[in-house]
Every structure is written in structure tokens, then in C-alpha cells.
Amino acid sequence: MEKVAIAVLGCGRIGRMHARVLARHPRTRLIAVYDVMADAAAETARELGVQAAASVAAVLADPALRAVLIATPTPTHVDLIIAAAQAGKAILCEKPIDLDMARVRACQQAIAPLAPIVMIGFNRRFDPSFQALRRRAEAGEIGAIEQVVITSRDPAPPPAHFVRDSGGLFRDMTIHDFDMARSLVGDIVEVQAMGACLIDPAIGAAGDIDSAMVQLRARSGAMVHINNSRRSAYGYDQRLEVFGAKGMLIAENRRATTVRASLGAATEAADPVLPFFIERYAEAYAAEIGHFIDCLANGTTPATSFADGVAALAIADAALESMRRGASVRLD
Amino acid sequence: MEKVAIAVLGCGRIGRMHARVLARHPRTRLIAVYDVMADAAAETARELGVQAAASVAAVLADPALRAVLIATPTPTHVDLIIAAAQAGKAILCEKPIDLDMARVRACQQAIAPLAPIVMIGFNRRFDPSFQALRRRAEAGEIGAIEQVVITSRDPAPPPAHFVRDSGGLFRDMTIHDFDMARSLVGDIVEVQAMGACLIDPAIGAAGDIDSAMVQLRARSGAMVHINNSRRSAYGYDQRLEVFGAKGMLIAENRRATTVRASLGAATEAADPVLPFFIERYAEAYAAEIGHFIDCLANGTTPATSFADGVAALAIADAALESMRRGASVRLD
Amino acid sequence: MEKVAIAVLGCGRIGRMHARVLARHPRTRLIAVYDVMADAAAETARELGVQAAASVAAVLADPALRAVLIATPTPTHVDLIIAAAQAGKAILCEKPIDLDMARVRACQQAIAPLAPIVMIGFNRRFDPSFQALRRRAEAGEIGAIEQVVITSRDPAPPPAHFVRDSGGLFRDMTIHDFDMARSLVGDIVEVQAMGACLIDPAIGAAGDIDSAMVQLRARSGAMVHINNSRRSAYGYDQRLEVFGAKGMLIAENRRATTVRASLGAATEAADPVLPFFIERYAEAYAAEIGHFIDCLANGTTPATSFADGVAALAIADAALESMRRGASVRLD
Amino acid sequence: MEKVAIAVLGCGRIGRMHARVLARHPRTRLIAVYDVMADAAAETARELGVQAAASVAAVLADPALRAVLIATPTPTHVDLIIAAAQAGKAILCEKPIDLDMARVRACQQAIAPLAPIVMIGFNRRFDPSFQALRRRAEAGEIGAIEQVVITSRDPAPPPAHFVRDSGGLFRDMTIHDFDMARSLVGDIVEVQAMGACLIDPAIGAAGDIDSAMVQLRARSGAMVHINNSRRSAYGYDQRLEVFGAKGMLIAENRRATTVRASLGAATEAADPVLPFFIERYAEAYAAEIGHFIDCLANGTTPATSFADGVAALAIADAALESMRRGASVRLD
């Protein structure tokens, strides 16, 4: 099986992580990395033994290149998607596509005639436990899904300056949970959101929230609760509960070891949960790449398509509106 | 220590359960039971070796009687509370006080000059696990409370005719969860509710819902999520999660045994959770009585006072309004 | 249903515990307590509102008395069993019957013609979790039993003077585990034992051990491992694992609450396990009494008969011999 | 960091597994594979894009080669160790070194003057959970170790012909547990073993057992229990419990996902445990290689040295003798 030649645009934390996955992945060949900060690109290139490209144009000009992974700052996503599509490359782009729905729609129209394979990086769908849960639910093990509870808490708040450009908690963080909700119960038709700044006043000063609860109604009738916090003392809390007519499936947190301590004051104490996304979703990131390569090989639409990116952003926008207006917002 | 002489009004399922607890309790002496259905009273009286009273008046006329436990249908609560208060008896009344806030306020005013000891039967506050969780949270173990997740699912839906007189899911079932929320985070100032009829169309036809998600905001800033279902295949699902600045406390479900089975297809499989409130809250009901007797002995206000009954009903009313209007409802 | 009139001989810790259970039990009527220390008897009698008998003879002379519970020091058991049997009373005697097998056999012969109902207090058989496990294993859920692991660790070592008269760890403590092994896999034919004094040198100085591992072979072919310690920092560790051709059943420890704490350093930390036998086996002691009353009512042999007491003691003696000789000891 | 050039001798199941690990490992360069069955070598070589060597001599003649991994049948280990040592290569050899202690000692003497780096493949020591447990115990978290319980059950019995050449369960399977015991409590001075053929009569006919219980005493005074079965319906059961003066550490089994199902009949049911060593110890095998490379780089003796291989085999021999003689066997 030939390895797919791929380049990474953006060598920040998440770009480097992806580059490392691609460099090791049995089905990909990382051939270039690029970052507007030449140093970051050079360092990643050196680490992985690949070329640091001089420009995006240089990357896209390589006829051997089959696909790009876009991990640059969000405001650049739309232009890079369009450029890559025009160059005939397949695209795996980090979420969110953009913070502005109008720009997202414009991008969608711009690339439509080119029919590129575009996948959005909703990595959590590819987590083995979440995937197993979804497959079992789809197979009917718990009957019709009636309620979903998504727990999603980051270990520590980002710096306030990050928050300022992030589009806010719903578009930056909850967007993963909105996508997860859609993957389990389908189209969302109603959103009720409640947010607060309980952790870091600087986040509030930057106009954002750091704690949130959202409830969604799906067209199927199922209801979804999401809770978010920007700080979790015990690690990156990522759990899923799906309740149906015949029972319940839960995907618990993951830990580095299976050790349990029973001492005087407490028993069966486990490790902290895995610290953050790089550890928690290591397997998911590799599986995400595998799915992307499958789609390239078979010409199929990714499970997390451009349309899924649009849909998740629409829920995020609705959540923001719901929170601001103190009202349910309908999406249909 | 002298045992407190007490009578039970109402010999339905919950009344009989209370009568049995009172008959066995080391600090109470059950001296009479009453039900408008003389047969029900006679049967309970026979079982427990006590007197079946001919009327409420006869019960209250007994000078030896110190307290009554009111477990009659909800519409009779207000009149019985007033009658018992006028007879100088302490009162332990099942929730809800009444379905109509105006009647509840009127009752409150009527008994105010008599200053009776009135306790509302929010039994879950007295569950050893929930109590331990609350005490540890109050002691600061997890820092300031930021989020609460209350899971509360009945094993099977009630008959539709019951639903018709129940005041609806929020006033009948969620009211316990509203009280639990208040006991953990204090006054509630905002309510967002979403309901659906996903289980039994007859419940919908009777004008009620059988599935719900509610989110509350407390004056403290904390947010609370409640999920309710009228049917749970694996038993009476009663869990509590409290998340704070320093960590999280969870109270898990209870089971009849600690046995875990590892067979071919699945491992560590536990028993179903305890089937319903009589089993699940057996210890809580006994502790509730203990607290009531303490209040009588010390002249203190119960932890679940008339005012708590009013507050929980106010949240239920707000939830109903929120669901109907599709808007956040403020309570302050 | 008439309540069975019963008396308790011995008002030490375990005797008082039994007396309390009998005083509350729905099927028994505690009518007297006795102890050679008149003060202990008087205190227990006062607490429970019963008579403190002046002598064993006075207790047994009461024609209303149907049964005695013997909770006196071990050396007095044999004489009391014989006296009670001669008085025509049913007998529930704490383990062990005696430390000396010859005396036990003589007792067995002495009472044989009287055919009394004699039950030995192997309380653990009546623990709901262990009982459920055994019933499921007997029903074939895990196929033929091949291996059993019994974990049995006391919270804290007894005083050395107690150890001196106890008959040693195998006869005093492990005897419960030997009985549990027999209840699961039947007759034991081979014993290998290893002991050590790792906790309290005073126990070693008194000629006993405080830590032990034993392995047994049953006639069925099944193997059993028992581990014992006289000190467990996290509470009274009482677990059972049964492994068979089709899977495994485990009975886990019990805790006061279901609370789990996730803090910075550790997650899902549970309470200490229940502290000691009075808490851990509260339900078992009540069920044991229930079984005894059933046997009286139906004239059936108790599940933990005199013969079971003999068999468990025989294994204890074999374990002691195995440890001393450094050899397997055969029991058949 | 330069990658260490290494070759794999033996391309059976375990050899291929190692070859795959070495081919992917960031610190090794797999340069050749060899098997006496040329087809097996060729297939592995093709899969991993390396050379299939024509002979062991050809492998060892390569001056670039730094180390060999020996995964051939046990009877060939000794000769290959000597040959590799004489060729100046470092050696990572699968357990056991040999089934015959005299040959093992002779090998030890033969290579002593060459002072090669020799590591024995006791992979379990490198399991992250077992390693974390040991480190925490060594750091004193549970005080002095008093008792160890090792559960080690294979998913399914090997074919009887394999058993015939395996040296028997103690030398083939329990040897891992003996090494684990030594890694936790140090030198073993006494062994009591009990075996049975409960699963497959063909194993008994081949002169072996398929079920065993062993207890060990360490020089430190600590006691160790090991239970083994050649068949476990729920997967490869690999657990560790270490009990000490201040508490207990347990390493639980591992599963493919964290999903828990609560259906009508059972709740919190988890996946089967990982099926067998390749899945269960995937991380351990990679860490084992890492440790071996560290030892090469630093010239240090591996944590699982030749001497450890000798010591584990000595316990296995003692266990066999104990089982046959029905007696404790001393090792000091």
C-alpha cells in the first residue's frame, strides 16, 4: 500500500502534534511542514526529518503532494482551504472552519465546484471508547436514544489573550461537544445555553465565559446536556453517557495506569485522568488520519465533513444567542 | 429517652412505608393510622398492631399525640397541615405541599401565628451518600461549587391517570431534584427547562412529559443540570455529581450486593441498581424521621422546612413556564 | 407468627452485639442474658430491657425458653452446648466449638442422642453478597469452580493476651475462611499453610502468627487460596473471588457511602471499607438468626451445623500442622 | 540519537511481534531477521522491509549489528546466547533461558568472561501499571510489603504438543509470576505449590498441569500467592495486589475501551479484558526494548538480567519439586 504524501500547515502545538502522528503513521508520508513563523517550521522539520517549506504556495505546488493538514490559526482556515482545493489537494482542517458563519458559507460555495475531499478535525469521534459506544447504540443495544450527557472539562484555562481570538467558549471548545451530540442523535433543532465566568475574571474581562451548561433537542426528540469548564483539578474530564429505552452506555475517563490505592483515608483511588487532548486522544488522532486516508483511497465523504463543521458552528452560534437572549433558540 | 407519639395520615404506598418505619424506629411510637379508605387504614393498622383512627379529628384529638405524618393525596395536604397546626401537633408532610402556589402561600400565612414545626418530606437529603457528599463539599474539599449534575430516573412510568393529578413531572418528580439543588448551591435565580414525551404517549395525552432536562443558575453563580426520565431499564437511577474549583465528588447508585461477574462477553458486571425509592432510600427515610424527632426535641427548624417546600415548588413552576415559553425564567 | 424466646449466654462484645440483634429481630424475643461477670450482664439487660439471669441453670430452667445463643469464651462452649442440649434447647454457638478436637468429638458424641438443633456462628455465609455469589455459582453461571481466592484481613491486631487464649490465627480467624471455602467447594482434602509474624512482635512472643497464606485442595479438584492479616490500614478487608470454567464472580468490599472523590492527586477515591465485623456483617448476623429460626420452625439442620464446625476446625488443625512441618497435610 | 542496529532470531509468533516492535521503535533499526524455517523469516522480512538472513552466522557476522533478540525455541537459547556473546553482541533473550538448570549454569559460566549485556524478556516488569505500582511501593506508600497476590490466567490452553516441550506450567508460564514476585519482594526462600489438571485432560496426559496455586516466602518475610489457569473465559487475566503495613496497591486488568453498559440484568458491565499478551503487554514490549537500549547506551545491567532468569527458573524448579513431594521447598 502506497503511503499518502501529506504536508502540515501550521506548526503550533496542535500542528506539531499532527505532524508527529503523520510522520509515524503507517499510511502517510509527511513531506513538508510550513508555518508563517519560519523558526517553528524549521524546528518541526528538523525534529521529523522533513522539509520546511518556504511558503504555502511552495507546499501546494508539489505535484507529489496529495493532501494538506491545516492547523494554522482559525482566521486563515478559509483561505487555505480554498487554495488547497484549487490546487487539487485533499484537506484535513482543524476545527472550527471559521468563527464567522458568513465566511464559512462563502468558503463552502467557493470550493463546491472543485468537490475536494474536506475533513474537519473533530478528533473525538475517533476515540475508541466513544466510537464503540456509538456503534453499540446504533446497533440498538440500548434502544432509541432519549438522553445524552456530555462532560467536557479542560484541565486549565487558556490565557486571556487566546480567549480573545477564540470566538468564545462555544465556538472554540463546546464545538467538539456539539459535533459529538450530532454524531449520536443527528440534527439539533433547539438550543438552551447558560454560561458564567467562575474561574478566571480575565476571561470575563475578555468578554468570554469559562463555565457553561447547554441543553439541546434533536429532531429525533432526544435531549442532550453538555457541561463545560475551563478548569478541572483532576485532569481532562471527557465522559459520555447515552441513555435509551433499554439501558445506558457510559464511556468513562482514561488514566495512565490501572493502579488503585487503598490507604487509610480512602480506597480504590485511581490516577488523575489523562492530562489533556494530546494524551487523551492520542489514539483518536491516529484513527482520524486513518479515516482521512480511507476517504482519499475510496473517494468517500469523511464522517466529519465540511457540512458537519458548518452544523456544529451553527449550534455554537445558536448557543451564544440563547445565552445572550435568555431564550431557547430554534435551528430548523 | 421517651418515644415520640406519632400518627400517619394516608395509608397508600408511601404512607404504609412511613408507618412501617415509624413502627420500628427506636425514637417513635406509632399510635394511629388513618385513611379515608377505611380498609387501607385497617390493613395497615393490623399489620403494625396500632389503632385505625375513625377520622382525622379523632387522630388530632388525642392529647398524647405529638406529631402527624401526612401522606395523603396532595390536594388534602394544605387542610391537614392547618388542622394539625391548630391542634398543636408537629407535622411531617410529604412533598409537594400543594400544586398551587397561591394555596401554599395561604397555608403558610394561616399557620404562621401557630409556629408549628413543619418538615417537608424531601427524603433524599437524608440519604447517607448524598449527605456525606454535601458535608464534604461544605467543608471545602472541592472548593467553591461550580457545577452540579443530578441524574434522577424512575424505573417505570406511572399510570397516565396518576400523571393527570400529579401536577406534572416538574412538580411531582423533579421537585426532589430542585430541593437537592438548593441544598447544594442555595437559592436558584434562573431556570431553563426542556421536556418531551418519549416513553408513553398516554402521558403526553394526559398533558404531561416523561423526559426532561433542566438547567438552573444559583445566586452563587453555580450551575445545575438535572435529567429526568420516567423509565430506566436498569433500576432507579439516582446519582449526584458536584464539581468545584478543587475537584469533584460523585455519589453513585446503590445495589443489593457487591457481586461483579466477569463472563465471556462482559466483565465486572454489577447488579441492577436498587429498584425504587423504598429500597433506595430505606436508610434515608429512617434518618428523615430521626431528624424530625431531633427538631421536636430541640425546637429547631427542620432542614427541609415549609419554606424549602415553597422554594422547590417555585422552581418547578418556573421550569414549567420556561418549557412552555421557550425562555429562561428568572426567580429573583 | 410467634416469636422465638431466646437467651444470650456471654455479654462480651460479640454477645452484646447478638443480644441487640435478637432484641430487634422480628422473629425473636430476647428473654434473658447471662454473663459470669454480673456487671456485663446487668448492663446489657438494662440496655435491652430484659432480665439478667443469675446463672446458666436459671436460664435453662425457663420452660418458655426455646433456644440459647452461646457467646461465652471458647473453653466454656462444650459444657454449655451439652447443658443446653440436655435442657432441650436449640443452640446457636459462636465459632470455634472448642480449640481441642478431642473435646469437640466428645461433645458431638454426648449430644448425639439428644439430637438438638445446633448451629455454629459462621456468620459470613449469611452475608448477602457472599450468599448471592454462592447461589449464582451453584446455579452454574461460571461453570465448574476451579479456583477460589479468599481475602480476609482484620483492621487491627488483637491484644497479645487475647492471642494467647485464641488457639492461634488459624483456629480463631482463618476458621471463618475455612468454612467459607467448604461452603463453596465442599470437602477439603489437602492443606498447605505458611504463616509469619510481620505486624506485632508481641503476637509472635505469644506463640502466634499475624499474617498467613493457606492453599487448600478440595475433593472436587478445586483449589482455594486464603490470605489473612491481623492489620489492614483501609478497614476490614473481606473479599471473595470464585473462578470457574465459564468466568469469575467477585464479591467486593462494602463501604458506608457510594461517594467517590476526584481531586488533584487521585480520582474516584472511595470511603474506607467498613471498619469491622459488626458493621460489615450487620445484615449477615440478622440473616443468621433468621436461618436459625427457620431451622427451629422446620426441624431442619442448619447450613452451618455442628459437623461444619468440626470440619472447619479440622482444616485449622491441619493448617497448623502444615505450617509447623513444612509439608502438605492430607485430610482424607 | 543513533538508532541501534538489531536482528531478530526466530520468526514465530513472539519473534514476529518483537520484530514489528523493533521496526517501529524510535530507538532501534531492525536490520535482519532469521528463522530456521526460511519461509517464516522471508515473510517477516517482507512485511517489515528488512533482510532475511541465511544463517545465524551471517547475522552475527555483520559488524554493524549491535544486538540480537532471541525468540527461537527454548532449547536453542543457550547456544545462541553463547554465539552472540562471542560475536560481541548484546542479547535480549526470551524466557526461559533453558529448561535445564545445569545448562543454564554452564551458559552463565561460558559467557562470564565476555561480560555481554544480556537481558531476559520478562516483559511484565515493563508494564506501565505494574511499574507504577512497584515504584509507589518502593517509595514507601504502603509501608513494608507483607503480602502479594498475583493473578495470572491465560485465555486458552495451548495445544498438548506445545505443553510437552514447554518444561511444564511452572517453567513456561508461572516463571513470569516468579520474576514479578522477585521484583516486588526480593529473594525467595520457600515455595509451596499445588497443581491440577482441571481444564484439558490432554495436558494431564502430556504430564503437565493447567491450574496451579503457589505460595512463596521472601527473605524479607513477605508472602506471595500466585494463581494460574490456562483458560479464562473473560480474557487474559493479569492482576497484581500488593498489601503492606500502610495500605494496598492493586493493578487491575486492561480493556480496549472504557465503555460500561447498564442494561436490565446487569449494570456497569465492562469489556472483556484484553485478549492475550500481544495486546495486554504492547506498551510493555516497547518499554522493554527501550530499557534494553538504555542499558546498551549506558553499559548498565538490565533490570531483568541473566541472573534474574536463573533465579526465576530456580523457583520454578522448586515449585515443581514442592508439588511432587507435597512439601515446602527451601531455596536458601
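Letters A, B, C and D name the chains as they come in the text, with residue numbers starting at 1 for each one.
Heads up, the rule we're going with is that a contact is a pair of C-beta atoms (placed from the backbone, for glycine too) under 8 Å apart; a residue touches a chain by one contact, two chains touch by 3 or more.
Source: prediction; values computed, not measured.
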Report task. Moving only from a chain to one it touches, give the least number of moves from subunit C to subunit D. Result -> 1
Requested in this report: Mind checking subunit A against subunit D and telling me if their interface is mostly the same residue numbers on each side, over half, or mostly different?
Outcome: same
Report task. Identify the chain pair with more contacting C-beta pairs: B-C or A-C. Result -> B-C
Requested in this report: Averaging only over C-alpha atoms, locate the centres of subunit B and subunit C and give their separation in whole Å.
Outcome: 40
Requested in this report: Averaging only over C-alpha atoms, locate the centres of subunit A and subunit C and give their separation in whole Å.
Outcome: 58
Report summary line: Contacts with two or more other chains occur in subunit D at residues 142, 233-234, 246-248, 253, 261-264, 268, 271
Query raised in the report: Classify the inter-chain contact topology: is it line, ring, star, complete, or other?
Result: complete
Query - Parts of subunit A lying in touch with subunit D, wherever the complex brings them together - result: 24, 128-129, 132-133, 136, 141-142, 246-254, 256-264, 268, 271
Query raised in the report: Which bits of subunit B are touching subunit A when the two form their complex?
Result: 142-144, 146-147, 149, 151, 153, 190, 192, 194, 196, 198-199, 211-213, 215, 217, 221-225, 227, 229, 231-234, 237, 243, 245-248, 326-328
Query raised in the report: Can you list the residues on subunit A that touch subunit C in the complex?
Result: 233-235, 253, 255, 261-273
